[in-house]
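To keep things simple, chains are lettered A, B and C as they appear, and every chain counts its residues starting from 1.
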Amino acid sequence: MLLTILYIVGITAEAMTGALAAGKRHMDWFGVMLVASATAIGGGTVRDILLGHYPLNWIANPQYLLITCLAGLATTWIAPLVVRFHKIFVILDALGLIVFSILGCRVAMNMGQPVIICLVAAVVTGVFGGLLRDLICRRTPLVLHKELYASVAFIAAGLYMAQLHFGVSENIAIGVTLVTGFLLRLAAIRFSWQLPVFRIDESADKPKEEAKS
Amino acid sequence: MLLTILYIVGITAEAMTGALAAGKRHMDWFGVMLVASATAIGGGTVRDILLGHYPLNWIANPQYLLITCLAGLATTWIAPLVVRFHKIFVILDALGLIVFSILGCRVAMNMGQPVIICLVAAVVTGVFGGLLRDLICRRTPLVLHKELYASVAFIAAGLYMAQLHFGVSENIAIGVTLVTGFLLRLAAIRFSWQLPVFRIDESADKPKEEAKS
Amino acid sequence: MLLTILYIVGITAEAMTGALAAGKRHMDWFGVMLVASATAIGGGTVRDILLGHYPLNWIANPQYLLITCLAGLATTWIAPLVVRFHKIFVILDALGLIVFSILGCRVAMNMGQPVIICLVAAVVTGVFGGLLRDLICRRTPLVLHKELYASVAFIAAGLYMAQLHFGVSENIAIGVTLVTGFLLRLAAIRFSWQLPVFRIDESADKPKEEAKS
């Protein structure tokens, strides 16, 4: 129940960040709705397609698709507010990430998948919406460069499963995961924690180009 | 029957526009066939994957894949003709859009999907082929900027379903939808009807980038 | 058995080329693992999704995903070696291509698909990993420009199926296909064999842009 409410808050916030990205590419209303929806529910869609988990959530519950389309269109009116109060979106996005992670993990667990696949499902749910947004808008995907993001989804899902494994009741496990994951993500932003970055000079490019055509 | 003929005309025309896009990127024959096929049958493929509707149409009927590959290769010979008589392609593309929309709508209806999902299926079928083409060829997707396109697919599917709902016979419903949708699309091109565009200055970019990493 | 070993060699080599591409984009460790895995097992994933062949190979056998993630991370340590001994990767990549092609072909054959779909399955398995890598890293896909690559996968799959059709035992068919396909790919690189390229001047662009919006 709490998860459902937080899920709706999460997809709304994600849809709005998607709409802003569409606006920077001067897209029309259809493009705005498309990018908003891909950002908000694309991660869960990719997860379900990979797992063969049909019907997709937004096809069984089209109201979620309506919410993301409307949130996208609403953003075209209130963009200045969204940009101005972007700190609220940082918070909503962090909350959404943990909620997506828990929900993605549960889908895979309910299918009886092994632990590693449950972790992958959590990360895909949390991260691939933003990836799709950046692919459609032709930006280098932010999640592959910036502060801990996929890692937070990974850790949150691991924490959630570990608690269930050790007999913690579901509600408490969800609560602990939400609070811990949320604080971890905010700390990662605040202190600019990031994974090590792998850099290759383009000058090293030449010999490699022949290697893999 | 008529729909099948129009479908073949539609995928042939779409495959040719895909091949032209591949030619502008100096792709080889394999690339030409890939982009041609993605443009022509990619929309239906994405729709079927989202709906979990297997087998995919072109896997059950590989002749459609052969047609798009051959149409793509043929375009490498007759490109000057295609460019010269591009107005014919505007017309074929408009026809194809409505045919794709009706067929996509019918697939979802046969699965017993709710109305909103049938509309989404119609739009995905009509629009995602061009989206895939532009992603592979690394162009900003045209359908997200230009005259009414997705909207025409949406309206055509709505008109088709409304007629069936009110007891109009299938053949008449198809005919009315084809003519109306086709004229609507041509009118949109002629009079440059478009959806409102959402523009954000890149200067508004900075604060937002932090919000969603 | 031999195929399984070669498959593991193949995905390891592909994961390393994917990691190098990620390094040129200055991605973090998560990005490196994502691109490495997409390059190595993305082709089989796309094939299985198109065929509706569930569960996906790496979900049923998560150890393959672990291998590609670890190979990707390892590349961040030994990148200079990988770049220096790139000729070894040319060879491993050529081997991987034929192995992927045979395995992709077999999946479709086991599903009872017609010959043309088996050929498509082989090409998709061999080629789409590299395509996904180049899409995520925003490069124009190399496989659509360079020496025979998809064509080699196509020919290898055709040769394999032809042998089975004429009663050659499976092991011999695999051996003959591996050797022939491998030499064909190396010859294509050595002598720069390529498919004809389709070029259109951008000046021919203007009239066409109206044709397909």
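What to note about this one:
Everything that follows uses one rule, which is that a contact is a pair of C-beta atoms (placed from the backbone, for glycine too) under 8 Å apart; a residue touches a chain by one contact, two chains touch by 3 or more.
These numbers were taken from a predicted model, which means no experiment stands behind them.
Chain copies chain B and chain C are related through a rotation whose angle, from the C-alpha fit, is 120° to the nearest 5. Under half of the residue numbers found at the chain A and chain B interface occur in both copies, marking it as a different-residue contact.
Inter-chain spacing, taken between the CA centroids of chain A and chain B, is 28 Å.
In chain A, the positions touching at least two other chains are 49, 135, 138, 143, 146, 149. Looking at the complex, you find that chain A touches chain B at residues 17, 19-20, 22-32, 34, 45, 49, 54-56, 59, 62, 65-66, 75-76, 79, 82-84, 86-87, 89-90, 93, 130, 135-136, 138, 142-143, 146-147, 149, 189. For chain B in complex with chain A, the touching residues are 49-52, 113-114, 116-117, 120, 131, 135, 138, 140-141, 143-145, 149-151, 194-200, 202, 204-205, 207-213.
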